[in-house]
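Quick one: the structure is below, questions incoming.
Labels for the chains are A, B, C, D and E, by order of writing; each one numbers its residues from 1.
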């Protein structure tokens, strides 16, 4: 059955936060139970350290001029810990608010000596549900902070390449790491969009055998909704990448720009695919409509053929079932077989007529 | 039943004002009975005074360099009082006209030493009706004037935070207060749009059980109308906020700009949500159409099955009801049971046929 | 019935003018019989004179540095008189052509020491017909010329305010008069658009009781046509007003610009309303379609219920109408009442079945 | 029946030219049989000469500083002659290619001392077919060249005005002639578009009486195709005229610009009309759909009424046609008239029911 | 039957490449088995050499200042060879990645002393399948590199003209060769789009005779998909050509720009054709819908006519088949012929009624 993706329209500050002052740090997502955990990866071309912690204080000691530190924070409900990190890295209060505000749309903000990026991870969880996860990235000098709603993400490939001493990623700085993270997010958009394509084709085929139950229209409507939702995640991120490509700041090196341009090309491609699948989805409803009409046509034909053949014959039979005293045919010896013959000819005539009309 | 939101198209000067000169101050709204009342809130980080009055003169005495004064005027039908306020604060005559012209669309005008902002409050009243209220805001040095059509608004959260000595809002100036007011208005757009979402989903479900009465199409049409109406309130306000963000004027401080930028993000989000729900609403009509067709299909199937089974049997019965003298079958002893058997087999055959066609 | 608004597509030079040279002055409108009459209003803050004439020469004597002269010419078929006016005020030949070319779209042209504006008046005549009248306005130093196709216009309010010594209009110059005229034209767009809104709502209600005659679709199509036609009059005028607002010329005073900006806001509003009603109109056809389908559903249900109940009963009756010699049931004493009972139970069963399906 | 306008999509170089080098001069149109003929008109304010020839050499002798020469070449299949003209006037090879490439879209190119303009003539031939003819115009100092696919064009009005000594056109130069030619082309667009309007209205009326044959949908589809095709001819020409208006070149005199601006206004108007008729055409399909549904509704009503009235009556008749031995009613003297009365009442009841449902 | 064009949405790095680092050279296309072969054409106005090889080293020896070398590489699965070529010509690593990434969209990148262009070849293979082949072009000083997925392309015309000593192409440089290659690609777009046009017209005709099977809607949906896919190949290439036209670089000579401008005109034309066919395709579904409804109308008419004629007659026959003892008509001598006459008149009446309704 259809898995509903709801909560599309949640307001930025949900009911619990609605009448609070702007700038108040309140987590509004639906994954409150997740405990906040920190994962620290500290590396340069020669060294690599990986380390998990429950408190931000442990993470701060990893810091050296010639290394890049990636701190990944899972779980946003413990706002106190988030604020501690924010204070340590001197982040603006509005950033902290945006990190825990899971309804914030993708954007990039430049704050003097660091960049703040918001994106949406779309991926399929193990149980097949489409996950829409809010992720915030802070790119500073020598460090990258990522804040996710819950554990489980699309960065395993990045972690693997980091742990591998020979990868290009190890010898580049924090900006390349941010690129690699965004690249991983965008790669997953392709997977999600491709899944859409499969769903559309599967629906196209099911349409023709569909029974007149309600699921198909609901599924098409749901598909539209999902498509619009993906688009809402993807299109603003495209602007983010476009702005990142044009940024003129020492934190983003010249040689990384080339890769970001490539990433931008991918984003355009995702957008184009979404538009195509959107048009295909919109066409599904028309297809379904014609299918229903074709089926009704078929039903009507059966009725029309049966009725057209037997109603005249029944009339004839009724005629000779009348009780008039003076009906000469009733007494003729061969009336009955002759009538049967006439009826048979009428049957043949009707069948021929329907055959010629291609109704049979 | 459907609650109609009418008066969408009222011309800026209604019939009573149509042939008057431009610049004539005439209230054209539909809430004429509301008595004009003034609420004055005067505050700085240390002090807070709140005070209600019937005449503007009482309000004017609250004024000091180091304080911010917010005068909120409810009720626009008493244009003489409005003009008195206008004269005191030296507002341009056209502003006074726009304050009482409830059909004025959202806009921002810069007038040397004050800004004039028009917005629309959308909120649900206690009786469940969607209220579309015209609100004008004047931001001057140390003072903020707000003009509403009637009492009851979305600013209770702001008033509460103002009355609380520890809030950030108390230590900021008039520009932050205007931001807070706009933020409260926009927050309520989210509530309204979310309500739309609920209505769409509720309609989606009701569609399938709908009887062929007229309400559903009317409700969908009404939903479209409301959507277009909300959009008309929201989109121009987005431009207003965008212009406010870029304004370069001593009345709007640097540190407030960050918050306005955030507000702009929210506005974009509302707009996006509206567009998504709009597409969903447009899809509802198609869904309804397929539902109706599916139902007709079902009706036709019942008819076709009943007719296809019994019309041939009736013919057979009619055949042996004929009164020919020479019908040998009539006299055979087992004719009747044999015929019954044949009829039963025909019935089974038809049932099997319809089963195979998935019509049963 | 539907009042057709035809002649939408008339080419700028109608058949009588098609092969003439460009620049030839030929009136192409459909109101040729109207005699040309001139109405002169000459005023300043202290004086007001009003005067009607048949020849332009009479009008020219009214001219003084400190006064504003408004000459309104009704009737364009007498091109000789029009050209006389043109010669007196030294208007470019192409302007004269545009004045009598009723198919010219709204525009504004700057000619050194005067402006030339073309607009369309839309208003309802006394007989209820929507009138689309071509109007040309020349704004010069101290004078305003207006050329209309026929008598009867939307300027009575302006004339009244002019005759009233206390009005603001008397103390302002020719540019304010032009603003007031355009304002009157735009005010009437609101009336026309509001009428559209009423027609849409009336159609929405009539749809559900509509008999399958043709008028409704024709009316909807007609409504679309009218909407597109209004849009064609309104949208170019919006550009005209926008350009007038930005004009930098001594003929348009600083203080009038504020009013023109206000007028521009109104134009935007008309445009927005048109777009909303356009979407509503487009939705009407879908509504009508579902209504028709719902009605067919209802028809089919009646047929299906009648047929499903009585066809099996008729079969049973036919069965016992057979003339077999050996049908034991025929001789049992209680066969008839038992059969009647069975039939009654079948009837109840069918009714219950249809009740449960919500077809009754 | 529908006259198909095919060859919409011919590639610029048709099969005969597909694998040739770009710049090769090959005529790709469908009017190869037309012999190339030249018509020379040489004039100034005082003189006028007109002359027809088969070879370009005859034409070249007409040339004088103080005169304007218009050479009109009909027939493009004789590319050698075209190239001769091209060589004489020193035209770029790509221009020659564009002259004979009838699939070239409208454009304007500036080549130092001459302009090259491509346009499409749309007009109705005597046999009622819509002709789409490729025309190229070269505007040089003192001369204008026009190249047409075949004889027969829209320029007869221009020729007539040229032959008339008093016309404005005689005293102006080559640039005004080009304007006059374009004006003639655009005037004919109005005729063509107006024809569309007539077709739409005629279709609207025929829709309601249409038999369920296929022509109407085909005609609507054909109308759409024609509309799109006209748009493809008109819209690029609009850009051409717009660029011509803004050109800053001694070949185009200041005083001609005013006329070109007027022409541009006409182009906008054609475009607007096309868009309106396009929307109307798109609406036709919906209208047709509702008409079909309304007809089906009517058919179903007849069936339902007939069946609902007579099926129950037939059942009653069948009931008393049963052969049970013990059916007391059969022997009552007044059974038959009573039953007839009951049947008549049932008939009345059904008629009343259908009347109340507005089905009769 | 429908040939499905799948794999529309493949992500840039397919599953085998998904978690690799960006910049890793992996071929992701579906034509892995193709062996890499090189074809070298080396020419100037006087000389021409053509030569095929399996290893790039052979190709590199062809190089002279006064000659142009075109190296065409077929087959991208052997990435080692590709990288060898890249190293020899000092191409950026990201270019190598784009060459083998068949999902890269059309683009142009300027890299100091060479240009990198990506395009899509669309052509019909001998077996009638539409081929979408990724092609990369490198334009350097004196050399052009082309990389194709497999053998078989649209460049045979170019090769032929190159081998012909008299062609213009031999005397121009590498930039003109690139133009000629792009021109060949675009020429084939016209062929593909024209094929679409044929398919639409063929579908239009088949619609009316279509049996209610599923293929037609699937084919229309497929046509839409193909159309969207072609558009995705064409539109970005249009931007590429537009940028190439405006490029200011010594590699692209002034005289070639004229030809590129012409190519750009062709691209616009392809785009316009695609949009027209797209609208036509979208219209097909509506046409099909009306066709189905018309057919159902016809079926219903047959049923209604048969039932309306015979159901009343059957009732009459049933009436006189009743077994009442006192039915005076039964004994009248002429009852039977009179009844037959009445029935015949009823039949005529019904036929006349249906005739007048145009149902017959």
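The rule is short, and it goes like this: a contact is a pair of C-beta atoms (placed from the backbone, for glycine too) under 8 Å apart; a residue touches a chain by one contact, two chains touch by 3 or more.
Only a predicted model underlies this, so the values are computations on that prediction, with no experimental measurement involved.
Contact with both chain A and chain D is made by E.
Touch-path distance (fewest steps) from chain C to chain D is 1.
Interface note: chain B and chain C, two copies of one sequence, contact each other through mostly non-matching residue numbers (shared numbers fall below half of all numbers used). If you average the Cα atoms of chain B and of chain D, the two centres end up 43 Å apart.
Chain A and chain E have Cα centroids separated by 27 Å. Looking at chain E, residues 289, 293, 295-296, 300, 303, 307, 311, 314, 318, 321-323, 327 sit in touch with two or more other chains. The chains touch one another to form a ring, and the order obtained by going from chain B toward chain C and onward is B, C, D, E, A.
Residues 156-157, 160-161, 167-169, 179-180, 183, 187, 190-191, 193-194, 196-197, 204, 208, 258-259, 262-263, 265-266, 268-269, 272-273, 276-277, 279-280, 283, 286-287, 289-291, 293-298, 300-301, 303-304, 307-308, 311-312, 314-315, 318-319, 321-327, 358-359 of chain B are the ones touching chain A in the complex. Contact residues on chain E toward chain A in their complex (touch as defined above): 8-13, 18-23, 92, 94, 97-98, 103-105, 107, 211-214, 217-218, 221, 224-225, 228-229, 232, 285, 288-289, 292-293, 295-296, 299-300, 302-303, 306-307, 310-311, 313-314, 317-318, 320-323, 327, 329-331, 333-336, 339.
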